[in-house]
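Several structures are given next for inspection.
Each of the next two complexes has chain A plus one more chain, namely chain B in the first and chain C in the second.
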Partner chain A sequence: MAVLRWALVGAAAVALVTFPYWSAPWVSRFATTLVRDALILAIFALSLDLLVGRAGMPSLGHAAFFGAGAYAAGITGQRLATDQLPVTLGAAALVGALLALIIGVLVVRSEGIFFLMLTLALAQIVFAIAFQWTALTGGSNGLSGLDFSAPDLMYVLVAITFVLAALVIWGLGRSPYGRALSGVRENERRMRALGYDTARLRLSAFVIAGTIAGIAGALSAYSTRFVSAQDAGLANSVRAFVTVLVGGAGTLGGPIVGSALVSLIERVVPSLLPTDLRISQAILGLVFIFFVLFARQGMVGLGRSAYQRVQHR
Partner chain B sequence: MIEVRELRRAFGGVVALDGVTLTLAEGERRAVIGPNGAGKTTLINTLAGETAPTGGTIRLAGRDITRLRSWQRARLGLAHVYQRTELFASLSARDNVGLAIAARRGPYRVLRAVPRADYSEGEAVLEDVGLAGRGGAAARDLSHGERRQLELAVALAQRPRVLLLDEPTAGMSPLETGRITELIAGLDRALTILIVEHDMDVVFRLADRVTVLHEGRVIADGTAADVRGDMRVHDVYLGKAVTVA
Partner chain C sequence: MSPELVFQQALNGLSFGALLFILASGLSLVFGMMDVVNLAHGAFYMLGAYVALSVVQSTGSFWLAMLAAPLALGVLGFVLEPLLLRRLRGRHLDQVLLTIGVSLVIVDVIGQVWGREVRSLSAPAGLDGSVTLIGGVYPVYRLFVMAFGVALAAAMAVVYRRTRIGMLIRAGVQDAEMLGALGVNTNRLFASTFATGAALAGLAGVIAAPVFGVQPGMDIDPGLLYSLVVVVVGGLGTLSGAVAGSVLVGPADTFGKVLFQDVALAVIFAIVALVLLLKPTGLLGRIRIAR
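Moving on, here comes the complex of A and B:
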């Protein structure tokens, strides 16, 4: 069974990474772009879910690390005039990690709504810096004209990074470390009584999530060849949060299917509607409200209960 | 093993602990009794490091732990069974115990799955407390009695040197109370136990010595037989219980 499961996962991973090559006869190039952007959102959402779903830390400031990674890749690329991925991607991961360490030290001792508001406020400071430090970030113009590599190769890089990120999050989830994060989510007081330094555990999760979000930001910068202060803005934080909750927090599949649904609503639905009808954000809002009211476990939860109903029949 | 000197704790104007001094030898089993509001739970929480004392010192095996945090005290061998069950509700009984076992090795192991040895050790502890075969159930799906058993299992899985028990049989049926009492009675004699309990049968079954707390002060301290005969204790607390017994 285990071998079969790994074979299936491996086949799916290969199919995903090679998508532009085998899908060409059936779908337009737009499909590749769409899948690429959905995968970037999925990496971003997976990193956020390590906090929200796993460790019970509802951050509304996760875009700070996404934006920091995007700027780090863009700025190192421009200033060093390099398109060496190890350099720009490494810079993005490092800056994401460092920023998460700084913000994390300030927020990990708070919980619930206070944690939410603190992460939101600190991320807004990051956004303000990005918006106003024109010399470094281009301010409201953003960073444009970034050049990395061919679009197909770009897709492959994103897909491979996605597979690796999903593997890392999955591996953490089943390790003693992941179980300890679940313990922090379930009962921090008991964790301390067992001898866990829970503040440090939460900080470590925050830094891991920030690092992965930084990498997602860099991939976004490569893909769109543009970095905007909005990448670090509240709307982007909310987008990741909605993706996690709609897909299903605390599961590996949740952030992934959530990012597929959010991408469809944002990118495909508008093309089906009259062009003057710009309601995709409103639709996304309604979908979010539906899941919050009727399906707290998200799409994964809906799938599970449907599966159980079939089994019991 | 535990030396408490002049321990004080006030909540606003209310003095919960008013200079409590007590010493537990290694392997001693001590019950702390007293009427509601005597400061028993505050004493346990202060020993566990969850409530900071406003005065006095606490020593564990000669080391001053007064200023250590609860997780640091746990690493020195202190385990706490709460009066109101504190478990990981959505995790399985197996993982509840597993987190206690894993705590001894630290949480920063990321490369491999939870080792099987942890699970088999956990199964043994669950069996000890009478939860054999319940390892797969989520803590929140267990009955009240089973949750109390799991609460004890989690503390025992820490392999502590000192066990702080805050009414371990609270809310249990007489049958369950008997089971848990015998389980505690049968624990390793090297383990130092401090137990807060209202059920006098449990107290006299388990305790070598009994400390009586009243309004935050120790008013009697002695062997179980001494305390049974102490008239002051009858006045504040035991009268009814003794006539029943």
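Moving on, here comes the complex of A and C:
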């Protein structure tokens, strides 16, 4: 069975990475762009879920790392006039990790609503710096004209990164480390009594999440060829949070299906509505309210309980 | 800086502080009573400004707008609390998340109804001029804002200390559950509190409109961000905390923008982070921390 399961996962991964090639006869190029952006959101949301779902740290400032990664890739790419991925993506990961270390040291000891407000406030500092340090970031104009030598391969790069990120998050969840993080979420005092350094556990989760979010930001910078301070702004943090919760926090599939739903609502639903009706964020808000009120476990939770009901019949 | 400039900026800072108090008092009240950080507070503030815009356009009266916007927001809050928040009573973090959803809906509906352009609302006749004060001309409207903020704080203090409603609020801030056990209808109390918080946000939207303008994005900056800054610095959930926070943040932000133009935004949030780290309950906060 295990072999079969891995074969299926492998086949799905290959199908995903090669999507633009086999789907060309049936769908437009827009579909590839759509899937690419959804995968970037999925990477971003997966990294946030390591905090929200796994370690029980409700961060409303995760866009800080996404934005920092986007700027890091954009700035190193432009200043060094390079599109060598090890350099630019490496810079994004490094900056994401360092920033997460700095912010993490400040926030890991607080919890709940206070953790939420602290992450929000600190992310807002990052946003403010991005918005006002014009010489480095382009300020309110943002950074534009980022070039990647092989734009056709951009999708493949995003898809491979997504598969790797999902594997890493999956592996972490099954490892003793991931179990310890779940323990911190469920009962931090007991974990401390058992001899775990819970602050360090939370900090390390924060740094890993920041690193992956930084890479997601770099991929976004290359895909849209643009970085703006909004990438580090509150709206982007909220977007990631909504994605995680709607999909299902604390599961591997949740952030992925969540990003599919959010992308549909943001990019496909508007094309079905009259053009003067721009209410995708309101729809997203209503969907989010529905899940918080009635299905806190998200789409994955809904799917699971439906499956169980069928089995019990 | 010349002394005149310092004076001018100090006035600016204080009138900004008064605005911040009007903006933040509702957020603080709701948190004190319900342990919910209402992240839709900025959206309520924005809606207040747009309602005022329509009222002024159709009736020409700014003063009518100052009545209508808080009333409209109060009704909205009175409906939303039982409809949404009450279902999750006791689950504070989920209640906070709900308000994120509410905020997304309100902001998009505003964009759809009123458009997504930058609008403006001028100060009412009589307050749109300026006066000469120690070496400079100063807009009358800012002085009005300052007086209004002080009057509102005083009125709220009287209500808190001297009335039955104030007694219920103080008791609810201490322990809402106990208050319920003593026979007070906490459902109605919570709905009224949330409605009052929303009405105050709407009032802030009207009063701030001639100063900050009316435009997309105002729900986050200044709406939500500054009201969070004030209550976090001053202390969550107490009236004195909201006063202290506004009096500190108003001038600090104004002088920050004059002295360190390039990093002003970062400075103010650095102060917040520092306060949260050193004294998580805020400078004057006495309240327990909701987890």
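Assume the second predicted complex is superposed on the first by the 310 of 313 C-alpha atoms of A that agree within 3 Å, B and C clash if a C-alpha of one lies under 4 Å from a C-alpha of the other, contacts with A are read in each partner's own complex, and residues count from 1 in each chain.
Criterion: a residue touches a chain if its C-beta (ideal position, glycine included) is under 8 Å from a C-beta of that chain, and two chains touch if they have at least 3 such contacts.
What you see is a predicted model; the values in this text were computed from it and never measured.
In the superposed pair of complexes, A:Val310 makes contact with neither chain B nor chain C.
Legend: residue contacts after superposition of the two complexes on their common chain; A:Ala2 is shown touching neither chain B nor chain C.
After overlaying the two complexes on the shared chain, residue contacts for A:Ala282 are found with chain C alone; chain B is out of touch.
By the touch criterion stated above, A:Leu172 is placed in contact with chain B alone, chain C being left untouched. In the superposed model, more residues of chain A are touched by C than by the other of chain B and chain C. Those residues of chain C whose C-beta lies close enough to touch chain A in the complex are 35, 37, 84, 87-88, 92-94, 96-98, 100-105, 107-109, 111-112, 116, 220, 224-225, 228-229, 232, 262-266, 269-270, 272-273, 276-277, 280, 289-291.
Partner chain B is touched in their complex by these residues of chain A: 171-172, 174-180, 182-183, 186-187, 189-198, 201, 204. On chain A, the positions that touch chain C within their shared complex are 58, 106, 110-114, 116-118, 120-122, 124-125, 127-129, 131-133, 233-235, 238, 241-242, 245, 277-282, 284-286, 288-289, 292-293, 296. Within the complex formed with chain A, the chain B residues making contact are 48, 50, 69-72, 74-75, 79-80, 82, 86-91, 95, 98-100, 102-105, 107-115, 118, 154, 158.
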